[in-house]
Amino acid sequence: MKLLLVNANTNTFVTDTVAAAARKCASPGTEILAVTSPFGAPIIESRAEHAIGTYATLALVAEHSEGCDAVIIAVSYDTGLAGARELLSIPVVGMTEAALLTACMLGGRIGIVSFGRRVAPLYRELVASYGLTDRVGGWRVIESAAPYRPGGRDGIRPEIATQARDLIEKDGAEVIVVTGAVMAGMQADLQPELPVPVLDGITSGIAQAELLVRLGLKKAETGSYAPPGPRDLVNVTDAVSRAFAQA
Amino acid sequence: MKLLLVNANTNTFVTDTVAAAARKCASPGTEILAVTSPFGAPIIESRAEHAIGTYATLALVAEHSEGCDAVIIAVSYDTGLAGARELLSIPVVGMTEAALLTACMLGGRIGIVSFGRRVAPLYRELVASYGLTDRVGGWRVIESAAPYRPGGRDGIRPEIATQARDLIEKDGAEVIVVTGAVMAGMQADLQPELPVPVLDGITSGIAQAELLVRLGLKKAETGSYAPPGPRDLVNVTDAVSRAFAQA
Amino acid sequence: MKLLLVNANTNTFVTDTVAAAARKCASPGTEILAVTSPFGAPIIESRAEHAIGTYATLALVAEHSEGCDAVIIAVSYDTGLAGARELLSIPVVGMTEAALLTACMLGGRIGIVSFGRRVAPLYRELVASYGLTDRVGGWRVIESAAPYRPGGRDGIRPEIATQARDLIEKDGAEVIVVTGAVMAGMQADLQPELPVPVLDGITSGIAQAELLVRLGLKKAETGSYAPPGPRDLVNVTDAVSRAFAQA
Amino acid sequence: MKLLLVNANTNTFVTDTVAAAARKCASPGTEILAVTSPFGAPIIESRAEHAIGTYATLALVAEHSEGCDAVIIAVSYDTGLAGARELLSIPVVGMTEAALLTACMLGGRIGIVSFGRRVAPLYRELVASYGLTDRVGGWRVIESAAPYRPGGRDGIRPEIATQARDLIEKDGAEVIVVTGAVMAGMQADLQPELPVPVLDGITSGIAQAELLVRLGLKKAETGSYAPPGPRDLVNVTDAVSRAFAQA
Amino acid sequence: MKLLLVNANTNTFVTDTVAAAARKCASPGTEILAVTSPFGAPIIESRAEHAIGTYATLALVAEHSEGCDAVIIAVSYDTGLAGARELLSIPVVGMTEAALLTACMLGGRIGIVSFGRRVAPLYRELVASYGLTDRVGGWRVIESAAPYRPGGRDGIRPEIATQARDLIEKDGAEVIVVTGAVMAGMQADLQPELPVPVLDGITSGIAQAELLVRLGLKKAETGSYAPPGPRDLVNVTDAVSRAFAQA
Amino acid sequence: MKLLLVNANTNTFVTDTVAAAARKCASPGTEILAVTSPFGAPIIESRAEHAIGTYATLALVAEHSEGCDAVIIAVSYDTGLAGARELLSIPVVGMTEAALLTACMLGGRIGIVSFGRRVAPLYRELVASYGLTDRVGGWRVIESAAPYRPGGRDGIRPEIATQARDLIEKDGAEVIVVTGAVMAGMQADLQPELPVPVLDGITSGIAQAELLVRLGLKKAETGSYAPPGPRDLVNVTDAVSRAFAQA
């Protein structure tokens, strides 16, 4: 099985981190292809950068999905998920979507630890768009850019654990989701420190993508996720034009 | 990996059907143990039978889960799910819960085909208890006992397909969930006839249970899903007493 | 009028407390029959014990409801309510359901005081299952086993009053519901200390059960609360078999 | 016990109908005082008339509630309920509120039969204001002024039963609520014709008002339902001024 | 264009304050007519006074709306809005409704600063009645009667700004709505002190009313906002009778 | 005042139609600048094209908003709204958002007429993202490409009117919103044929944009709509880079 990890950011450090974690948690025999956007923001930290990333995701999957069995959106706003899911004939999974849905099988209320106050509303809106608002029991936001520096991830782990324990004690969270593509694989490190199950988006995303591949379902032929079909697109990348034509 | 399929009904035909389908869709090397309740109703078709089944599930998992890696509730009301999830140290997945959560990654609105008008409200309440009401776009109910007769399942397939297509056309369903433990594995047969992804609970349940085992998460140590611990239970089966004591 | 109070716990101290309170608050001429489960947990404090209690309730009402005019579930998770309501031809009322619905006529937001952090999520889920989440303005949880010791109830009253006042002052609660079967009749003691109406489940449950008896409504003949009718039940108590046969 | 039935309409035929039904369904020894507004509309059939009726209810309860033990709003939009509940030191119950809350104990989804397409949105808004939207499974509207003519009520009964059966069959209603003050007591006549419990607002309202009186709760001393206290009101009836002064 | 500002209170200080602010923020050429209720409460501070005000609004618009192009309800509970909107052939806008809807275009979660703990639930219910509960991210209540004293408004401004900043910092409010008719025009003074957009109801109400006038839409001819038509009203003001007759 | 109309499609016929309508409905003195995307789809009819359009909107506003006072998104999925609103220091309004919010002041339940079954879910999701799902009472979808052909718009008008009347009669819609940028100004033509207010997105969008300009509010300085500030963007248009740098 071959999985495509799509990083709509331009930062290859994140892509590398994600890819390394993905290779570690994927099933034996699963090949990981991780790609980085050639345009846009190093790290999406605003709605405007998210807007650029929405197109970047589409361009990336159009370019790189051939020969892959499924796609994981490796940006924790699940940037570009809906368009990619529609366009491709293979399963497409959002990393945060995957973590949230997996969490639903592990406890009652979900506690979410995210990074950056500024983008906290984007996560709320994302959860709401999945219809999962009522499953979330609490939020904690960490203000730090450390995870995006090599080695910085380990330094921030104690703070994540502290916030997670606070969610468990004060908000009654029974399962923890840690957002952030750069947190890929963090669940293995955090789990021993926490008294409830903890998930990161990439570990969940890889697992759910593999699951969907194994289920072998048909691509939708009707509805809003059916392939859009050929269009007279103007000034888009060749890959994008081709992807529509094939869809 | 060894999975326990729990049928809180007393009907072994259903257990056998479920087990056969489970063995077919499980990963290579996954062993399936399917157990049937020694008490209660042949098929749960009422709230009162569901109440008996709630305890039957608990008794079954207490008796048979040792040595297993995860449990799938093989009754489509997910009968006894919460109690079993709490009591055991291994993952427990409801078959309908698993189908619904998997469906969330495959399209927008979910269309549900269930059996028996009388129990239709139980499914609505189940969906609501998962907080997924807004994800469901339509319901169709088939009034037939045929699936519970040997060979009857194939006869009902055209009617399921008809109802599913109606959901797709009239209610805008973009993914179909077929309820009923006895429908185990039906997705493979139905998928060619439908223009959108279709899921049955057992296929989804096996897949999600395997996924949770692979994630290797910690059992909750606090909250409402932590082990209840030893209790002075009276007149319950030895296995139930033991399960609490170990939990 | 004769009312059946069903305690799905095995603890007779709770049953006696409930029965005494019920006799005090019932209308003149109302006879109270209070029964205790012969199996299960002394006090339900976990989801698994709740699962046992779900069946215990069914067994108890099957055994003891003959000749009664209505049933009150005397466990504050309303354990087994739906099954009992369906099975019997007489009204069945949950004690917490009754308190919540009564509270709706007495103010805006309801404040709930419950016992035990571990089971707090069960109350939230119960309230949600009644569709009343938006009516609840706040929760307070008291961590104490005192109420289950003879004489312990009075000792805990100041703490209940303190928590209730906190709900009123900080969360804008305009009516208070105190959960816990063992708190039966507590509203009479608490009311003088609180500046808004306060309800306990047994007092409300007795009152609403009497009300439903007086309304003289027909048992549902169709839908998910119609009698299930005879079933080929296996290894259940004789009373349960008989109750299905008569239903 | 003495109950005040408040008809914010000017039509005494409705008041008389309501009073007669109330006397029939009230407990022995309960005295019924039914009053009619001296101003406003004969029958509230618009939002503007409802606005007049909101004040009429306040004026009526200020004038007539002295010596009464509880009030029932005998207009099925529960016109003026919140203001009257706040102002008076005795319980105030809305007829539709009472029917809806009572219905919650009798089945799953409630089916509502109302009169007049034009005012149908007012009922929806009323149900939403009680937070009960999710409990309602279907609506039917009858377009007829017959009930407001002497003898007309019986003529419309078959149509009500037809609509109720349609709600049961098509929308899965498991309990029926019939709105309209003029339908007071109709549940006794309709019940034999319907296969699920049926409620009218006045029968439920009388019963719930009696229940609240028996519970003997304290009037709120704080919050938005505490007495408003004396105010410098201008050009309102003496009774209204007095009621504020006493509150 | 001529706009009618309706103050259902009897306090002319509020009316004058509102009128002055309205004249300042209205478009050039817009004439403002501000009227005060001849009956009811100086300032609505309770549900009962709100009930009186509901009728007062109707009486005021019936008396004064002739020749006007739109109406703004200048009481921040939007007292009497629905009835007035139905009765008149010109647009009617609630001041708080207008501020909330305008706020929806300016950010994510709305923070609301209101006055008086006692009436805080009325604002919550108002927001819920508009279906906008999920848009509101936080509430702050100021306990002060100062704004209703000449010159008192300026004194309270620092406290409003403090509460608004608290909403922004702690609750993530991205736009602020300040309630209270007497706060008319306050947005101009507060805006420089706050880091997000701030709205008051009168400024928004004037603007939205002018907008609706310019859109030149048809008065509803059907549905619950169509004119009620002539009615046999009893003992209402001549203006009210006339308004129904013309409607 | 100068308003920028942003068409993220490449079809200039739509831009011209929108611009013509905008000039007609804008206030005297308001200048309209309408721009078309140099890349993407002629008409967005899929989620993937919407993803491209999200970036196109950002690129267009970065290029053309200088000197403008507000922006109207002239694609009826409000494509790119959030990013543009954040990036720019002037108000940005979505055409469908504006129509929905305006509709809230004109009646109870909103009826929506849209074009194309395939994209119907996008409209539902858009309404949900605004928190307005409960305000919408019904949907009708017209399957026709006619509006995108010169002169085709008039031909489709009778069908729109028919669907709108159906919404009014069957679903109780009290105000109608017609989606589709190409329907700009259609409300003037449709209004005479319909018995309730009708809105199109461009007319509402122009009006609400003018309103926001007149309110003169401050650009958010904090929160998720504050300017993102300079970023190290790669391979985006110069205008986009510049817009971030200035923001």
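Note that the chains take the letters A, B, C, D, E and F in the order they are written out, and that residue 1 is the start of every chain.
Just so it is clear, contacts are C-beta pairs under 8 Å (C-beta built on N, C-alpha and C of every residue); 3 or more make two chains touch, one makes a residue touch a chain.
Note that the coordinates shown come from a computational prediction; the quantities given were computed from them, not determined experimentally.
Same-residue interface: chain E and chain F share over half of the residue numbers found at their contact. Most remote chain with respect to chain B, judged by CA-atom centres, is E. Our note on geometry: chain A versus chain B, Cα centroid distance of 28 Å, whole angstroms.
Averaging Cα coordinates per chain places chain C and chain E 44 Å apart. The multi-chain contact residues of chain A, meaning those touching 2 or more other chains, are 108, 120-121, 125, 128, 134, 172, 174, 223-226. Every pair of chains in contact is given here: A-B, A-C, A-E, A-F, B-C, B-D, B-F, C-D, C-E, D-E, D-F, E-F.
Residues of chain A touching chain E in their complex: 117, 120-121, 124-125, 128.
Those residues of chain B whose C-beta lies close enough to touch chain C in the complex are 10, 38-42, 45-52, 54-58, 80, 82-87, 118-122, 125, 128-129, 223-226, 228, 231-236, 240, 243-244, 247.
For chain D in complex with chain C, the touching residues are 27, 91, 93, 97-98, 101-102, 104-108, 130-135, 168, 172-175, 187, 191-192, 194-199, 203-204, 207-208, 210-212, 214-215, 217-226. Interface of chain A with chain C (complex): residues 108-109, 134, 172, 174.
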